[in-house]
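A short write-up of the structure that comes next.
Chain IDs A, B, C and D follow the sequence of writing; residue 1 opens each chain.
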């Protein structure tokens, strides 16, 4: 029987992996990808609790997170070329 | 009934003309542009004529027709219908506006024939017709206001028609700003009316005005004063009259149509329309009469020593408008409307005549260059003379009847100080006769004084398309007054027609109880004053021109008065010193150099300095290494989560 | 349970068989032969078995055999894993997208309810777009991992082009979704039971836009800049040979079929015959007397109708492919962003107005 | 069946996420991350969040990661071995330790209780249901999100435009 705790644990593991990625990697693209992992861990938790409580507000939140992530990705993708071009500023 | 039911065609037709000429006019031939402009106005005139006939066919107490086109604005309790209303008052104005407008369109075809921007001119002119008709026909204050603004806009556009000319564009701006000051009052009055009555429809507001408002109360006085402020702007009364003489920078037909016959009478129309309110505010009535009488004499004296033919007419317009307001102020609305009508005829004729003269003189407007034109321009001369006699108040021409009725009303009026107004107006009548005949003698008699021989050789009578309107208008100036002919013993045709509009409860709008003898005496006085003015003018400008120069050379009082009058009493300069300069000074020294530079910039700079100082304190924590921030965040997260865990485990 | 498993397995087998076994090889032949007919040539006709050529059909077989036995070549400096995985990444999404496309209706056979779709998803249309957006990865990775500048450029072009048109493609069917009030393709097909409810009737502008986007998404002529042989040799699959190469081609053909199938489902009433509803068809086949037989026959007719419609649309695509010249790269992007995208937004607005004002009655 | 799927998808997602942060090449990272997203989409679908699952694939795997991959490839950010090889073991150790410290409160989020799923109501997680929520109670955040995306769009255009000059 699968419980909420399973999902919490999985989400925690993913979140921590994301944190480690942010802290250890120097490539800014990979750092951003690690942030996406963390966001996804949070999304998983939101979906899980939505399912547990039967309230779809969690889904709405995930929807919003996705919108924000998309905006962030678009912005980051534009910023990245500039960071790479000017390595002094991009000394992550 | 064909006519009244199609009343909405009356404003729409000129709008269609304006749209065609404004959008695709430059692609059309001049002839096509003229056909569109004149045709649309002419059709509009025909519809208006039919509507007028319908109105006449109705019983006198049923002569109000309202046609609701659609609901225009609906917000909360506020409703504004796009509705047109025809009653005797608007019908009279309708006839004047469409009729004179049509004639001036015809005249313009000839006069503007050589101008660049021909379609633009007619688009504006048609747009003006639309706005003016909307102003007259609108069934509520908002619609009137739209027309009111529209005519102001068109006036601005047409004054600045020769926009390459600095003086023309300045004059346009001046007219616009002056009008805006008045419009501001009008707008406030509309808001106040809505606040008081909960509606802006004429049919809702006026019948209940007497019950809702106390006689002479604050509300009604405020509303009417604000309304009158609007009227002074639009109708060029003291203190907002200075734009009208400058407005003569526009083409002459425009001066005739907008700045003599129609738009400037909008203020009179508005006051007459709101007579139910004005009757309740004796103080406002007094002010209206006072301003009217003062303007009449003031503008007349300013017209005395002008040399620009159109400026003389402009001051005469201001003066005549003063008469109309005087009539309104003493409660003689019928006389005011009557004078609007007759004035439209003879003043349009005069302006168009002066346009014809200017046309013949190759654009010369200075009367000192003219003289003896009577022989070379017989048609213009004849029509001009008729109109001049009309404005001087010589029987049996139109001006005599209407002006005399105003003077009679002033003499018999209920307003305090009405005898003073009568004296002022009577003197103004003499002055009017004097300067108008000065104009006439300087222009049409004597010898041609123009120096440029090209101009001398070129003097010619204008084409038929220009003289025909002159003839028609002069004819109207002759017969127009007969509408008020049976004035002795209880009203006349126009009065009977208009009375339903002005017969309000609680106010005696009926005929004056006056003996025939007194009336004849007053007539005699006014005619005598007119004749006196004419004879004086004839002495100084035709019989013995050198006498005037001698008089001036004597110096002293006469010389200084002359200078004062020629400089228009320095009103423009006074306005400049009292209003424009202080505003500029306050903006420059106060708002800019002190408030903006010191206060606003100071605050901004202070904020910047403050946070810069604050930032320099925290700068050490800002390594610029993103990873260190990430570490800080994670440690913070760990700490918070651990703390929360500690708290929840304690439970 | 077992029966359901069998049924699903059968449907999957049918879909895959249809695509991989029938359409993909046949399309290679059709492309050759149709171009030959259009260009007044004879076309491939040399492969023969005992002297029989069967209008060149044996070429399909010989091509397959040739490519299978060709050397599998990986260029030096290439990323071996990615290079190997890329063709599969291109082919799989094209096949998976087919799982939500209904190729028939509901039928009752011996008391068992059969719904002719592999997976009836609530978000079917979204699923198709989600999966087809993954197809770009195969192409992009193929270009990137080949360690070849032509391939790389082709991959980049493909990526930009596919992502651009994906956006527009998603927007083109929003109007349709608003009209049918469902994202489920099964529901959409059900609502097209009557001919006058077919998508093409009201939504023909959306069809034109969608079809354009779909061809661009599939990178076929006139949108084949990622593999423009005159500029980039062969674009992203320059460095591929053998089975990997054939997988790209299969992916392309399967996508042609998928596009046609989706168009049929969205715009042309799916398996429905025009002017004949499902119920009428079954009763017309004697549903009252032999329900099982009638249902079975109706199922056959439905599948056949669906396939015929798909073939017609494939034929149109092929005709376009051999008719139009290739766009320049900037033209492709300009068309996508400046014409198709705004047009589809406007169409959404028009459909919204139409629905709200009652001009477009929803089925 | 369910636990099997969970183990499969969960394990795969963890492995791929690890691969994403460990692999040296950004492209490999991105591919791994796409896999993670896919597995998570499966997990969403297991919890009846069908729309969210589809969006996860469409938005995350389809759009966001595609954007990342595109940028990586456009710049051809091959292995920056030089930059990445200056490893700082202490920092990395610290990172892992602090992340581990974060893990403890995260897993005990449930407070030691076993939370069980209830039977989902019919229509849970469908497009219509989520859409109704989005367009009624959450219309304001929804619109704000659209404005945010517009701002990102404009910002992206401006940022890239200055590069061209």
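Simple rule for what comes next: a contact is a pair of C-beta atoms (placed from the backbone, for glycine too) under 8 Å apart; a residue touches a chain by one contact, two chains touch by 3 or more.
Remember, it's a predicted structure, so these values are computed and weren't measured experimentally.
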By mean Cα position, the chain sitting nearest the middle: B
Chain centre separation (chain B, chain C; CA means) in Å: 73
Averaged-CA centre spacing for the pair chain C and chain A, given as whole angstrom: 33
Whole-Å gap between the CA centroids of chain A and chain D: 5
For chain B, residues that touch 2 or more chains besides their own: 627, 631, 634
Residues within chain A bordering two or more other chains: 19, 23, 26
For chain C, residues that touch 2 or more chains besides their own: none
Touch-based graph of the chains, sorted into line, ring, star, complete or other: other
Every chain pair meeting the contact rule: A-B, A-D, B-D, C-D
Touching residues on chain D, where the partner in the complex is chain A: 2-3, 6, 10, 13-14, 17-18, 20-21, 26, 29-30, 33, 36-37, 40, 43-44, 47-49, 51-52, 55-56, 59-60, 63-64, 67-68, 70-72, 74-75, 77, 80, 83-84, 91-92, 94-96, 98-100, 102-103, 106-107, 109-110, 114-118, 120-121, 124-125, 129-130, 133-134, 137-138, 141-142, 145-146, 148-149, 151-153, 155-156, 159-160, 163
Of chain D, residues touching chain B in the complex: 91, 94-95, 98-99, 101-102, 104-106, 108, 111
Interface residues, chain A side, partner chain D - complex: 1-21, 23-27, 29-30, 32-34, 36-37, 40, 43-44, 47-48, 50-52, 54, 56-57, 59-60, 62-64, 66-75, 77-82, 84
Touching residues on chain C, where the partner in the complex is chain D: 79, 82, 121-123, 126-127, 129-131, 133-134, 136-137, 140-141, 143-144, 152, 155-156, 159-160, 163, 166, 183
Interface residues, chain B side, partner chain A - complex: 624-627, 630-631, 634
